[in-house]
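Note that the chains take the letters A, B, C and D in the order they are written out, and that residue 1 is the start of every chain.
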Amino acid sequence: MDFSYIDAIHAALNDSLRDDDRVFLYGQDIGKFGGAFKATKGLQDLYPGRVLDAPISEDAMAGVAMGAALEGMRPVLEMQFADFSTIALNQIVNHAATHFYRTGVPVPMTVRLPSGGTPGSGPFHSQSLEAIYASFPGLVVVTPATVADAYQMLVESIQLEDPVIFCEHKFLYRWLKSSTLQGDGLPIGKARITRAGKHATVVTYSAMVHEAVRAAEMLYDEGGWEIEVVDLRSIKPIDTDTVIASVARTGRLLAVGEAFPWGGVTAEIVSRVAADAFHLLDAPPARLNARDTPIPYHPKLWADHRPTPQTIAASLRNLLKY
Amino acid sequence: MDFSYIDAIHAALNDSLRDDDRVFLYGQDIGKFGGAFKATKGLQDLYPGRVLDAPISEDAMAGVAMGAALEGMRPVLEMQFADFSTIALNQIVNHAATHFYRTGVPVPMTVRLPSGGTPGSGPFHSQSLEAIYASFPGLVVVTPATVADAYQMLVESIQLEDPVIFCEHKFLYRWLKSSTLQGDGLPIGKARITRAGKHATVVTYSAMVHEAVRAAEMLYDEGGWEIEVVDLRSIKPIDTDTVIASVARTGRLLAVGEAFPWGGVTAEIVSRVAADAFHLLDAPPARLNARDTPIPYHPKLWADHRPTPQTIAASLRNLLKY
Amino acid sequence: MIPLVPVTREDRIDRNDLSGVREDLPRIYLAMLRARVLEDKLSSLYKAGKIVGGVYLGRGHEAVSGSLASYLHRGIDIFAPLIRDQAGRTAFGESLMDVTRTYLGSVEGPMKGRDGNIHRGRPQEGMPAMISHLGSSVALVAGMLMARRMQGRLEGVVGATSLGDGATSTGAFHEGLNTAAVEKLPMVVLVVNNQFAYSTGNDRQFACADLVDRARGYGVAGHKVQGNDLIAVAETMKKAVSAARDGGGPQLVVADLLRLCGHGEHDDASYVPAEMRASGLARDCMQVAEGQLIDAGVFSRSQLDEMRAQAVAEVQSAVAQTQQESAPHPHHDDWRTMYHGELEE
Amino acid sequence: MIPLVPVTREDRIDRNDLSGVREDLPRIYLAMLRARVLEDKLSSLYKAGKIVGGVYLGRGHEAVSGSLASYLHRGIDIFAPLIRDQAGRTAFGESLMDVTRTYLGSVEGPMKGRDGNIHRGRPQEGMPAMISHLGSSVALVAGMLMARRMQGRLEGVVGATSLGDGATSTGAFHEGLNTAAVEKLPMVVLVVNNQFAYSTGNDRQFACADLVDRARGYGVAGHKVQGNDLIAVAETMKKAVSAARDGGGPQLVVADLLRLCGHGEHDDASYVPAEMRASGLARDCMQVAEGQLIDAGVFSRSQLDEMRAQAVAEVQSAVAQTQQESAPHPHHDDWRTMYHGELEE
């Protein structure tokens, strides 16, 4: 039997509810309906009273989760789309994220953000907001790219005492499959070398890992280039050591992300490597992001808005030429 | 007579109201009371019906401003503190900022964010959120460091057709003075060489420009080092040309910011320079930001939380040593 | 303290006297019909895979939405539609081609393929282009009206927007309506309680006896109507719009009905209980309206059939024309995000 | 549809019968007195430059805040105070040293100098540490109560929070109260209408006749009381807290009074009109309370004087002790932002 990425999330929620009485789920339409993406399907029946439908009140949802966390629960919030979490920003970044620093009392809550673009979803159902959350102190921000990571990192996130922003990619939900939920056991905070190589390093995360691997395959077929692909897995904290170790092997860095291009993960990666591993670089470290426009509705525009295997490969060719 | 930074803002609002019937001000306590920082003092009497007190509804305030802008007005919103603008994030980044792209109809609104730290202001009245706004497509984000820029850039922002996030620094309000409001006429989008130098470049903006100049003076006194200080003035767009021209002269880059350290302006600067001017760098490009914790209340902690002339000088010494 | 505007309830209206709305009914019904026919077509296009991203219909909302906008005047008033307002959009004068082009992603449409489906508008003609984040339109319309007041052109103007039962739980709805009340704006806020927000029923959305009970707490007038009863709806909307236009400040209209489709066309709405489907709320406003129009001698059955046939033909031709138009092309789009392109990064 | 909990109004209460609250008054008054004396001291410390960042007092709020918290039990209940709740904090058992240490920035305080003034709490003892963003506490308390329900320890518990007239305009207030109503939580939400939000009067904040009119729109019980009348306030709070404790769901209590100080001690409140200063709202709840206590024979004037002298002495000694304590030092602070320090950047 195959597990999809959304199956992995479902299984992680199920297992967490089963194994830990403190866990409960809160979000819009997640009860009987099972959620907009069916991540919670059937769970209300299995765990009565622990899978609760919320009103359309993202700010209050985050406040509720935080309050429940303070009282010893392990809330897992589902935002219907990452884009709607802007409404909850204050409760997340000002209330929950500052709490341990201010009071010494941790806030073990997990906020699931269905993130990233899919064709036809348009400007308000496609955003990747991981960097917004990472900018604020006090949050862990994870961005699983594989089925096993989706499972394991969600289970792990729920068990952390700190607030976690769990960015799951909608494009991977049904498309990405695996025969197992068991991964390599890497903890949150550690990056993974998804594909080993020696000519250049692509550092990326979430859905772009797969696009980067495709680009790497293209370049291998094209000229035998061996591109190393690093999957960050969590963008806060960033596993700078693994990134730099890879750059030490390849001498070339391309940071790829699906989010808007100003600031964000790719800027953080490039500036860390430039600062801490300058002497390892044989070429200027490069970035590739989405365009600096709202995410377009039309699939033809959308496909040109975000990085693709083709544009990643083109960036790599430039990098390899240097 | 001397003008302070807050006088400059007051004058810009006054002159804009005087010269353009489309301008009006909206915000909490800005009417008779003149605003928490007195930026609008007396203006309601001078321009009746055009300086309106708002309820404590930041989301609606931004929605109102956007609506008024669509109907041909030039709203200037005052957030009481930048920190409270998180509540308005959705209306700003999703509604106003996407509007021109989606519809071709511009949204000429200006949002004033009293930003940055002052001693004793604590985690919720000290934040620098410019990078959050810059991450979203469709916004201009300006960060004046001088009295003349505060005046001129606010006048200019109000006249732009696009939504502008105007980050004014509270620490400069009363402390920074100038004998004139007239500046050098640099438009939004152009950086300024605040202090010329040849041994290293500090790229920064807002209040940190003054701390960087102090650090530069220290290093000059210390060993005759000539540090060039670039004031970005606007962080979106970033005047990459001026930054790179400076690095071409000095070969060394330190990006300094008062905001939280993950991502943000300094990462964007360093990664642009590393990507586009790699060959000009004689040393790894460096960054200095605030600590990755909430902004502490106690002045002794606060002074250690953000960059100071001492820590900027220390970073520069490291850079010069390389 | 401002004197409280009384909450009026008008669930029951004397049906023998149509005089108040008789002349409005043909116009309203035509908008309803065109919307229904258009949306039926959109649904089949979606099911045939011709529309990407989702189709969200206003089936069952036609009477409320169409009536509200029928009392507004394009070029003077403002109408900020939400998800299920095709009838209102049509009544406000939205062209059929704007709809088909936006859904089918034609580059000729008002959104040029950059945005799609219901996220369209003509803001310069008084019809803002909604964003997804529910509740955002309330403050927007308030701001548009405040601008007109400052410009001295508020006289005789009404701004209207509509939201669902679920959207009343947003902070944006609250902040926006409260602001409108403070500013005493000529605004109509229509809340269509279609019993569900996606799958979530009223019992998990709010705890008040009736959403119209909120009016008093904002200091605005409240109106209540059964949303599938065209005559009652028309009378209520007429009254609310006139009250707003005549200086009565914001009007909160709460209409009860049942959404007669899924949340989107991907959703079978199987969570709607059978009793509800069998209740009076589930009566289709189109059928009710047709009965009322025939009874009152406004239209004959054959006239209705003719109108429908014509609406179908119009939709067919709009779709056919749109399908010949170009999709946007990334190399032809200028990707401009700001008016001042030179300030873009 | 859930049956509506009736809105009760109790502006007028029969003063001859104190029996309901007589035994509670000494405790409430003592909290009020301690808060007043403490805050007077904080004001002079601020004016002497010993406190940085601002001092925001609850002068005039002591009766409402102190009464509410006097009916709560520390260790069982939850009390989430806001800006002007020193009396409530004291009544709930906050130690004097927690206050002086936080204001004076002692590293021994609960916030260790990391946060200051009113932004303090003991969340593990049922008293959350407020953030500045108004309205945030409503959903927080709701979540705390929901947790207890899931844990089977909600029985007999009440969660209370307080906000100002201005804070009712936040989306957070609306979303939070609506959520509490949907969950039927044992919650008391106290809205103190002190006529101003900073400098902004009620007329620019809301348009309803009375904020208690909002209760019905949320489906919660509403209570109204004049906030400077201790006996009325005590009776109202007792009733509201008991109703919440006994399963009556959320209780919205609206208390009218006048803030008897500036927004903060930097503000002279010159915007408060003279008529308002001369009105019954401006009567100081401390004086009203003392009159009531003496009239009812609860305390004699000399007992009151003695209590005050003792409160002054306690505050003096707390301040003196705090002033000998260390300020935080950046090299000694571990700057830890997360429980899992190893996950920090």
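As a convention for this text, contacts are C-beta pairs under 8 Å (C-beta built on N, C-alpha and C of every residue); 3 or more make two chains touch, one makes a residue touch a chain.
Source: prediction; values computed, not measured.
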Q: Write down the chain pair with more C-beta contact pairs when A-C is set against A-D.
A: A-D
**Q.** Centre distance in Å when chain B and chain D are each reduced to the mean of their C-alpha atoms
**A.** 37
Q: Give, as an integer number of Å, the spacing between the C-alpha centres of chain C and chain B.
A: 41
Q.
Residues of chain A that contact two or more other chains, please.
A. 54-55, 57, 59, 83, 86-87, 90, 94, 98, 101-102, 123-124, 137-138, 236, 262, 291-294
**Q.** Contacts with two or more other chains, residues of chain C listed in rising order
**A.** 111, 114-115, 119, 131-133, 169-172, 175, 178-179, 182, 204-206, 336-337, 344-345
(Q) Quick check of your reading of the touch definition: is the inter-chain graph here a line, ring, star, complete or other? (A) complete
Q. In their complex, what parts of chain D are in touch with chain B?
A. 52-54, 105, 111, 113-117, 119, 131-134, 166-167, 169-172, 197-200, 204-206, 271, 327-330, 333, 335, 337, 344-345
Q) Of all residues in chain C, which touch chain D in the complex? A) 1-4, 169-175, 178-179, 181-182, 184, 202-211, 213-220, 249
Q) For chain A, which residues count as touching chain C in their complex? A) 28-29, 31-33, 36, 53-57, 59, 81, 83-84, 86-87, 119-125, 261-262, 291-294, 296-301, 303-305
**Q.** Contact set on chain C toward chain B in their complex
**A.** 110-111, 114-115, 119, 121, 123-124, 128-129, 131-133, 136, 138-148, 150-151, 171-172, 175-176, 178-179, 182, 336-340, 342-345
Q. Within the complex, which stretch of chain B touches chain A?
A. 83, 86-87, 89-90, 93-94, 97-98, 101-102, 123-124, 131-132, 134-138, 236, 255, 259-260, 262-268, 270-271, 274-276, 278-279, 281, 283-287, 291-294
